[in-house]
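Have a look at these structures, which come just after this line.
Both complexes below contain chain A, partnered by chain B and then by chain C.
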Partner chain A sequence: MVKTYMPCSVLEALRLKQEAQSEAIFVAGGTDIMPSGRTAPVLIYLQGLTELQEVSKFDGVLRIGAGCTYTQLIGDERIPKILREAMHEIAAPAIRNVGTIAGNICNASPAGDTLPLLYAMDAVIVMGSLDEQGQLRTRKLGIEAFIQGVRKITLEPSEMVLAVEIPCNSYEQMTKLQRYKAGARKAQAIAKLSFAGICRVEDDVLQDVRLAFGAVGATVIRSRKLEAKLKGLTLTELAARRTSIVQEYGELLRPIDDQRSTADYRRQVCLNLLEDFLSL
Partner chain B sequence: MEDISKAVERKDHRLKMSGRAEYTCDKRMEGMLYSAFVRSEIAHGRILDIKLPVLPEGYVAVSGHDLYDNHLPVITDEHEQPIFAIDEVCFVGEAILMLAGPDLQKVRRLCRETKVVYEELPAVLTLDEATETAAHYHYHKGDAEAAFAQAAQVVEEVFTTGYQEQAYLEVQGMVAQWDAENRKMHVFGSMQAPYHVKNAVMRVLGLDAEHVRVVQEVTGGGFGGKEDYPSLIACQAAAAAKKAGAPVRVVYDRREDMTVTTKRHPSRVRYAAALDAQHRIIALKADICLDAGAYPGLSSVVLQRSLNVAAGVYKIDNLDVDGRAVLTHTVSNGAFRGFGAPQVFFAIESLMNHLAAKVGMTPLAFRQMHMVQQDNDTVTGGKFHYYVPLPDLLAKAEEMSDYSRKYAAYSQPQQGRYRKGIGLSLFMHGCGYTGSAEKDFLRPRVILRKYANDTVEILCGSVDIGQGLKTTFSKIAAVVLDLPLERVIFHNPDTDRVPDSGPTVASRSIMIVGKLVERAAKKLKAVWESGKEQETVADYESPELIPWNLAKFNGDAYPAYSWGVNVVELEEDCLTGMTKLLGVWGVFDVGTVIDNTVMLGQAEGGILQGIGYGSMEKMESAAGKIRQTSFTDYMIPTAMDTVPNQIAFVDNYYEYGPFGAKGAGELTLLGGAPAYTAAVEQATGKSFHAIPLTPERILAAQQK
Partner chain C sequence: MIDFILNGKKCTSQLPPQSRLLDVLREEFGLTAPKEGCGEGECGACAVLVDGMLWNSCITPLANVQGKSVLTLEGFRDTEKYKLLEKCFGEAGAVQCGFCTPGMIMAAEALLRKNPHPQEADIREAISGNLCRCTGYNMIIKAIRMAAEKGAGLW
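On to the complex of A and B.
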């Protein structure tokens, strides 16, 4: 028999998880768990936790509660417009009404629709667990460290994700923000590949740039090394080096052939989008 | 009710919209057992041994040895499909055993625990490798060789098309119940052809007509996928019910359904066209090859329809047409809306565009030079006996879509990331069965039964599978009898109550069976006595036709044709190869429209299914196994992928159809793919020869 719980607070949820450990799984929206057929002896439903459904903006950090649904966030003007657009392209209304941002992150699919932007925006994952006194203890990890591989995340059996934090300067001061999802159709489609590009150009110099690619590797691909090479280039220098930069990114991508698309297509479209983005 | 075309509330509307409709998977019977299959994991091999786990009490295993006759009757006696593979398996997913028991999870586990030992045999996995032929036809007209010898220009092209999955919302399902006392088998399920199912169960179990009863349940879509396949699962369920002495339910899950049920035949069509100095096509050679899969099933008749449209809607005096359906060790292919015609319309319409470009004409002007007219011969020496309204359809399409102006504008060099294109397709569909099957084999019948309260029940074997047949048939009877629609009843067919009016396929229901409803209603009207129980019968009468000779592939293949024009306008993204539809137009001649809303549903659904076939519906077989087996991986277009369609109908009364109606269901699918690919060709400036024309294929051509 499966035991199901609907805790009323984060502390209660964590207590349940601490007791059951790996025997239990958290269910937020359930939109990935349900079709997968995955189950566990203990299911802990998180929909009742209003603490996890809050959005706040404080001290230059946008904090999004783990349990915020896509629909909620699409309607919240504090969320960067480009992230809202990405969420609007997820699945269809029924899924967006229950699917959550932390669910998208914890599912750790290389094709996760919010992931390239969250990588590009240096998102930080806030996790919670109970200390010896039964009080809430939190720790934070950058999304790149949090997601380790296909469906692999850094989360202890007694931990849960509480929030996602995005530094506001990673989007507010940017001069160009672009994203693209190549899905086989306009709704209910898993990305064949996705791209996010963010940059800040001042005085004809590329001051900051972040480039992330989804579904062309085990995790979203972002290279700080290549970004460092780009930073500080004048637009004229960038134009001269664009082809070689695109080539270097080409070597970084690890797309595969599968039932949804081909490696060649995934690579080519990523590079086309990159080249287009870098045409500043 | 006076105007037959005026839309009414559908007979099944409230039942379905309220969610009260019960489908096969909702059916519960006392003591009912659930089932699952042990299926072949390899494409071709010999079964050496089957190691069954110990079955708990109340669980049974059913194999081909449990049947009176282990062969599914389809069309020919050769290459018949076994109900269960006994010695040899011929495709991945072929049923070997069925296990049934009270707990579905346990039945599935027992299936997983069953080990089959094979000796693998060489497998033929593609149409190009195939050597064994399941069907072969050939015909010619005029003297193609002589015409090619004098040609000013000869153009050869090869086109290929992929699988298409019917993607009916309701998966295949059947429940069988054995009445041991009366030795009678009762079968309930999702189907297009109750009498096909009945005949199959009779043969396989060795029962006579009195002892098999088949009832159609509410059916959630068919698109041809429930023409012959339900017969197979009915036989499997019936065998299990008889052996277990309890009702047995078979309901596929989606992945199973997509892996093992019939699909649209992949094809390869080679054309050689001979043109004279005036740019007229003087001769055409066609070599059509369909991949039948492991068992031929309906492939021969599918192939016949492919051959009949080898020249599209064009008058070409010299023809040499050859067609084969070949066997491969892959899932069997079968009926799907359009039935062999969509493959060839993609090919011939694309060829017309390519030829037009070669001779420097617009696709429209080049087509107008070649269109058939009334009294022209058909490709098989039959005749287009009735008015061919292609000029009217084109005029209407032009008026609605502004095709020619846009075509000219988009032919100018385009710059930037997004490029536009507009494509046109012309097509026709022969209504009803190919050849003389109505007269020779089907001999459909309809009975109208009037009760003492003056309500009238339509008794026929045709089924409503979502296409609106309950509504349209009832309207025909109601209008003839001048009755309110609610006084005409149509229950889901039960073979113990209804005559055989033939399967619900081939765009024949309205034109053929609907005509019988109309005639039976007229008879009833003539003898109508209020308050009295009365019954009238109508049997099929064939119009005067040029006799069809299958061996010579000669004569009138169809009594009448429906006609259509599609225009698709789109924008292509050079960076991604992805497209966005900007406009979709459809103009059709289906004779008289029996219900405007029902017909609009057919038109919009058919066009989108055609565009899906031409663009995103990619299904591949790798090492004999279907790779896309879920709606996550097999993409059909959604409402988000299209734009509001603009649809028009041109009235063209057909004397042998009820109120002048002809076939309509399949026609609407035929033009979507070629109009879509033509638009992509214009936007990209590239020629394409394969569908689905995915962004992967578009971008690969563009990056060259």
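On to the complex of A and C.
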């Protein structure tokens, strides 16, 4: 017999989760869990929690509530335009009307459509649980540490995701923001591969650069080591080294053959997108 | 038990909250306009409006409509808007086997409520989650455009 709950507050949701631990799963829009047929002894429905549906921008940090739907965020001008564009390419209106940003993150698919940008923007996941007094306790983890592998995330059985935080300087001061999703068609497509590139060029010098690749490995791939090599290059130096940089990224990507695409196609298109992005 | 408004009337479902809304509508309330095509949110044959927004009822847990207003095609069949959509779908040849039609009509209604004067791109996007294996879509797009043009003031 499945037990179901519809808590009215985050604290109530966390009390339920603390009690049931890994027996319980949270359900928001349900767009991933319903088709999967996955269930659990305890289901906790979160869609009624307006606390989780708020967006705020304060002190240089954009905070997006875990329960914000894609449709809500696409219509919110505080959300970076490029992230809204990525969400606009997710599935179709009926899915975007209920699917949530935290759902996309916690589903932890290598092909998750918001993930390459969230990696490139240094997104931070805010998690909540109850302390000994039953009060809300939060901790934060960068998205790269939060997502550990295919459908694997760092979340204790008593925890839930409350919000995603994006530092505003990871997009506001940037001079080039680019993304691409290769899918079989425009709507309802799961990415064959995806790419996000963000950089800041000042006085002909590459001051900052973030490059993320989706669906070419168990998680989104971003290399701080290679980015560090790129930072500080003049545009002339960058042009001279572009081919070897693209080659180094080629060794990093770990695409596979599956029903959606081939490893060769995925690697080649990612590298083409990278080369295009680095043509500054 | 889950309470919600179904086609304008208060109702309570006796089915468990984890049930698919589609099954509740078809099996418990006998509303057969929403259909099961893919059962995984890909085809839109089960589309209904929830608080005015298009949702796929096949992947909606009943719990998620608690306190909300659900509209199926049956619930607005007697309105002028529906009659116009029906006429335009007929005139444009937008219906062949008819399986996708209720979902297409709900998607058109969701669009026109938000945007009474859509461009073709808006129409294509609005029905991008609805599959039709007969018409090739052009007639459906034409039907929705006709309804928008003839329906001045209705939406």
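We take it that the second predicted complex is superposed on the first by the 280 of 280 C-alpha atoms of A that agree within 3 Å, B and C clash if a C-alpha of one lies under 4 Å from a C-alpha of the other, contacts with A are read in each partner's own complex, and residues count from 1 in each chain.
The criterion applied here is as follows: a residue touches a chain if its C-beta (ideal position, glycine included) is under 8 Å from a C-beta of that chain, and two chains touch if they have at least 3 such contacts.
Values in this document were obtained by computation on a predicted structure and should not be read as measured data.
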*May I ask you to decide whether A:Ala187 touches chain B, chain C, both, or neither, giving the answer as first, second, both or neither?*
both
*Could you tell me if A:Arg260 is touching chain B, chain C, both of them or neither one (first, second, both, neither)?*
first
*Check the residue A:Leu273 against both partner chains and state whether it touches chain B (first), chain C (second), both, or neither.*
first
*Does the superposition put A:Ala94 against chain B (first), chain C (second), both, or neither?*
second
*So, does A:Ala145 touch the first partner chain B, the second partner chain C, both, or neither?*
neither
*Share the list of chain A residues that count as touching for chain B in one structure and for chain C in the other.*
35, 92, 186-188
_Give the list of chain A residues in touch with chain B in this complex._
35, 92, 180, 182, 184-190, 259-262, 264-265, 268-269, 272-273, 276
*Which residues of chain C touch chain A in their complex?*
16-18, 20, 39-42, 44, 47, 53-56, 58-61, 63-64, 66-67, 107, 110, 125-126, 128-130
*Contacting residues of chain B [partner chain A, same complex]*: 417, 574-578, 616, 618, 620, 627-628, 631-633, 635, 637-638, 640-641, 694-696, 699-700, 703
_With touch defined as at the start, can you tell me which chain A residues reach chain C in the complex?_
2, 4, 6, 27, 29-31, 34-35, 39, 43, 45, 47-48, 71, 91-95, 97-98, 186-188
